[in-house]
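Below are two complexes that have chain A in common, paired first with chain B and then with chain C.
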Partner chain A sequence: MKFLQILVDGFAISSLYGVGAIGFTLIFGVSGVLNLSHGSIMVAAAIGAWAMAGDLGFGAVGGAAGGVAVGVALALITYTLVVRPIQTSSRIAREEKEIFVLTGTLLWGIMVQEALAYLFTSNPKTVRPLIAGVVDIFGVRTPTQEILTALISWAAIGLLWLLVNRTKAGKVLLAASINPRGLTLLGFELPTIYFWVWALYGLLAGVAGVLLGSFLGVSSDNVGQLTASAFSIVVLGGLGSVTGSLIGAYVVGYLETITAYSGAPSIRTVPVLLLLVLVVYIRPQGLMGRR
Partner chain B sequence: MLKSKTFPSLVGILLLLALLPFGVSGYILGLLTLGYYTAVFAMSWDLLFGFAGEVNFGPSFLIGVGAYTAGLLNHYYTWPIWACVISGGAMSIIAGLLLAVPALRLKGPYFGLVTLVAVLMLQNFIVLFAGITGGEIGLDLPDVLAVDDGSNYWIALAFMGVSGLILFGLSRSAVGLILQASGQDAVQAGALGFNVTKHKLAAFCISALFSGLSGAMLIFYEGTVSVGTVVDIAVGVQVIIAAVLGGRRTILGAALGAVFLIGMGEMLRPLGEASTFVVSAIALVTIMFVPGGFLGALLHGEKR
Partner chain C sequence: MKASVRLLLAASVGAGLAAPAMAADPIKIGVIAEASSISGAAIPNAAKLAADEINAAGGVNGRMIEIVEYDDHNSAADAVRAFQRASSQDHVSAVIASYVSEVVLALEPWSGRLKLPMVTPGAASDVISHRIHDDYAANKYTFHGYMASTFLSDSVCDGMKAIAPNLGWKKAVVVSEDAAWTIPLDEEYLKCLPKIGIDVIDHIRMSPDTTDFTPIFNKIEGEKPDVMVTGISHIGVQPTVQWHDQQVPIPMIGISSQATSSTFYKDTNGAAEGVIYQTISAPDVGVTPKTLPFVKAYEKRFNITPAYCGYTTYDEVYYIADAIKRAGSTDPDKMVDALEKTSFVGTIGKVEFYGKDSQFTHAIKVSPEYIGGMLVQWQGGKQVTIWPNDIANAKIKFPAFVKTGGN
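Our next item is the complex of A and B:
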């Protein structure tokens, strides 16, 4: 019974983690950026959905769509206002760009977090679920929204897979991650590609944020935790590897659920951290990473 | 470089600062005291990042280990303050070594991640053993450094002065140059016959020592040790912002940045929650447009 409960709950939370982490790994794979404002973009999308579905009266569906739009907009602002200027700045030495992007996105994330706390308070908020009701799965009473969460997550992952592997735009993305210089020689503008990757990332982070908001609820205090967990998942799976991130998401999701259900919810992240340290020491490139 | 003139002028500035308690209020002294301890955190971090080129995302791991070691020894065994502070520093080195020996094999984001994870682990650990460590609330300490503001200020100033001079001297010595070379191009530095790993490890230990000592001193100033003041990620972020804001690779800039940041935070307190927003925005604009930080901008004409 408890086993089934863990299986069902873990699946939903893992799928959701997967969507967020894939976005995170996508921008790293394509443009080499580790975006430390990830958590705040997710939370902003969730709070956007909460505000639009609630006070602004757009309804559950309109709110969810609005939340995702907030995610996309914020991702693009992050790119144009913070990441791009640092990447093109002539005052920052090339070998230091990485640390400056890390620090810059970290600061930007804190700014978004504080702005959210200021405008909407840091009280936890739960986004109105798209569908209400409870379904019985092998004797486990599961909210319909939880099933929908898993379904939407997998639909998003599936669409991304189709986009990358079956379309011309996807080929360009792949090429950008493998050999950006070769791509510029073929006449593609890298900044344009990066812009679209960030839009795609915003879409994924937005979906993950809204789903998280309707599933567990969010607060601006969760920002750091969310960034850290996306970072852990991605490193566990291998930086830049989409399949690895998915596997990582399930490992982290289930490990957290198991810890929480075995009577220690306060330390639900500890086993993940231990595993992460172990993986980083034994196999720094992660489960599926390439060197 | 400016070596011959810098040391005497630094000592001069420190002596001038030592006269402050005769002129300003206890409120400002208290603020500066906090600023000076944070300055030591930031300078230790700068030695590791600015010179060795290693991004330590968890300065508060080293600070927290030192602070909690000292705090526990004082709370449970009532060891005298000096013994607690020295043990705190020593424990920080041990923790730093445990972290750094395996972690230095890793590069870039991975090293950063491991240091970040170390902070999260320490935080979880403290909360998990709340019965001993006091958990989220923290422990109060039977001893404090001094009761009046003036003495506290002088102790902090002397501590910052000595730590700063050692760290600054080190950064300007041959060891500092080798560290800088290892940070910028580890392969070439190695080809020149320098043991890169050994130097980086030494830098990590020194950074750990001063972070631990300063963490331990800070809690005896405040009279309590808690996660929020010495372990939380926010503490580490503040240290990093201070160092980057003041100017990387300068050590002194880090101290400047730390005092500025503490003062700024206090001045913006009336803004309430928005104050963190403003401080972060200032830091972001600084790193984007003046990547050299305050001191980098000041010395720009002289250096290049």
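Our next item is the complex of A and C:
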């Protein structure tokens, strides 16, 4: 019984982690940026969905769509306002740009977090579920929303896979991650590609945020935790590897769920952190890392 | 810091800081709270409302009350800095501080060292008043303006004693967040529940960082209790929503601070339906003739009903002003003497403090004659009172997924 419960709950939370993390890894893979404002973009999307579905009267579906739109908009603002100026600045030495982008996105994330706390309080918000009610899966009473969460997560992951592997735009993305210089020689504008990658990232982070908001609820206090968990998943799976991130998401999701059910909910994240230390020791490139 | 305060500071610097206080100088009351939480925001809001009313009626002996706000971001360190600033720079005469026991316990020694009277409108830990009892000379400047944890548990037990037989409640699991205020709360729950014929079959303390409560509910459901008795304040929205979404068939009753605010229903998308919480005042019950007019004025100005510490804060500004009036000065020792003699009918009942002999020195007296508890339930988006019977205006009603033996 407990085993089935872990199986069902772990699957939903892992799928959710997966969507959040592949966006994070995509940005790194294509443009080499570690976006430390990731958590605040997810939370902003969730709170956006909560506000639009409730106070602004858009309804559950309208709210969810609005929340995702907030995610995309905020990702693009992050890129144009924070990341792009650092990348193009001639006053920052090339070898220091990475650390500037890290710091910039971190500070930007804190600003967004504080703004959210100021405007909407730091009390957790829950996005109105698209479907209410529960379904019995092998005797495990599962909220319908949890099943929907897993389905939407996998739909998003599937669409991303199709985009990258089956379309011309996807090939350009892949090329940008492998050899950006070669791509510019072929006449592609890297900034344009980056812009679209950030839009795609915003879409994924927005979907993940809204789903998390309806599944567990989020507050501006969760920002750091969300960034850290995406970071752990991506390091575990191998920086820049989408497949690795997905595997990482399931390892983290199930390890957390098993700990919460068999150990104690309060030490939920501890085994994951220990595993992370171990991976960094034994296989620093991560499970599927290329380097 | 607010612009007006800065202006005032600039003005006082301009006039020379050593200038003697004139009759028309405002009486400043500092308010330290976490501005971004529901309960925290109610503190400065209610304080401003009370101050404006007192000022409109002529102030205290012709002196206006000025509220100076500080945001402590729920951090004890920030709160201590704010408290020091309130004393040394802003020269406030009293401080109303926080709904978080950890923060108030950190401020308590400073209240003694800086001889600055402090009242907490919402922290609950028994330790606050026990410290005053154990070292009166050092800690006498602190007053506990809200029910101590032990009284909170007793109040929940009193209410449950009345309603449990009809609902067939015999076995309970105590579920609390891990915090200073729930240590005496849980201790008392474990004592008073068996006394009313309810077995405590498990006692769970949850980390305040928990976001996924499924494993906890799952464990509790496996133990088959009739009811969950709660002690939650820092957490509230997430466990309530998950309880509802997962259709956990066990009712929840107890302390749930966030549920006291009207925004709780919206924040939980209605998942609050059926939750029963203990409180000392509700938006629909005229505990005293002052309660409903206060709620009305508060709602009009801030568009939400006051959280529990809004009521207490509002009263505190009034009885601090009253103490200053009776003391005839803002001298801290005279103010403490006057505050100890407080007998003030506010929005929560009749406020008087326990004396030196009580274990709960300077905590508000709890009994039906002074401050009594009540049980409120969320029904159809409204907070309705279900106990005590003489003020109850609704019958207990649970959502369909909740199973109760008696029904």
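What we mean here is this: the second predicted complex is superposed on the first by the 290 of 291 C-alpha atoms of A that agree within 3 Å, B and C clash if a C-alpha of one lies under 4 Å from a C-alpha of the other, contacts with A are read in each partner's own complex, and residues count from 1 in each chain.
The criterion applied here is as follows: a contact is a pair of C-beta atoms (placed from the backbone, for glycine too) under 8 Å apart; a residue touches a chain by one contact, two chains touch by 3 or more.
Everything numeric in this text was worked out from a predicted model, so none of it was measured.
J.: So, does A:V277 touch the first partner chain B, the second partner chain C, both, or neither?
T.: First partner only.
J.: Does chain B (first) or chain C (second) touch A:G217, or do both, or does neither?
T.: In the superposition, A:G217 touches chain C alone.
J.: Of the partners chain B and chain C, which touch A:R141 in the superposed model: first, second, both, neither?
T.: In the superposed model, A:R141 contacts chain C only, not chain B.
J.: Which partner does A:A230 contact after superposing on A: first (chain B), second (chain C), both, neither?
T.: neither
J.: Counting only touches as set out at the top, which of chain B and chain C does A:P129 meet: first, second, both, neither?
T.: In the superposition, A:P129 touches chain C alone.
J.: Would you check which partner chain A:S266 touches, where first means chain B only, second means chain C only, and both and neither mean what they say?
T.: In the superposition, A:S266 touches chain B and chain C alike.
J.: Return first, second, both or neither, reflecting whether A:L102 touches chain B, chain C, both chains, or no partner chain.
T.: In the superposition, A:L102 touches chain B alone.
J.: Which partner does A:A117 reach: the first (chain B), the second (chain C), both, or neither?
T.: A:A117 contacts both chain B and chain C.
J.: Can you give me the overlap between the chain B contact set and the chain C contact set on chain A?
T.: Dual-contact residues (chain A): 117-118, 266.
J.: Show me the residue ranges of chain A that touch chain C in the complex, using the header's touch definition.
T.: Spelled out, the residues of chain A in touch with chain C are 2, 5, 9, 13, 54-55, 117-118, 121-129, 132, 134, 141, 143, 145, 216-220, 222, 225, 257, 260-261, 265-266, 268.
J.: In their shared complex, at which residues does chain C touch chain A?
T.: Of all residues in chain C, those touching chain A are 34-38, 41, 178, 206-207, 209-216, 218, 236-238, 241-242, 245-247, 258, 263, 266-269, 271.
J.: Per the contact definition, I'd like the list of chain A residues that touch chain B in the complex.
T.: Residues 34, 82, 85-86, 89, 91-92, 95-96, 98-100, 102-104, 106-108, 110-111, 114-115, 117-118, 224, 228, 231-232, 235, 239, 266-267, 269-270, 273-274, 276-277, 280-281, 284 of chain A touch chain B in their complex.
J.: Which part of chain B faces chain A closely enough to touch in the complex?
T.: So the residues of chain B touching chain A come out as 49, 55, 102, 105-106, 108-110, 112-114, 116-117, 120-121, 124, 127-128, 184, 233, 237, 240-241, 244, 272-274, 276-277, 280-281, 283-284, 287-292.
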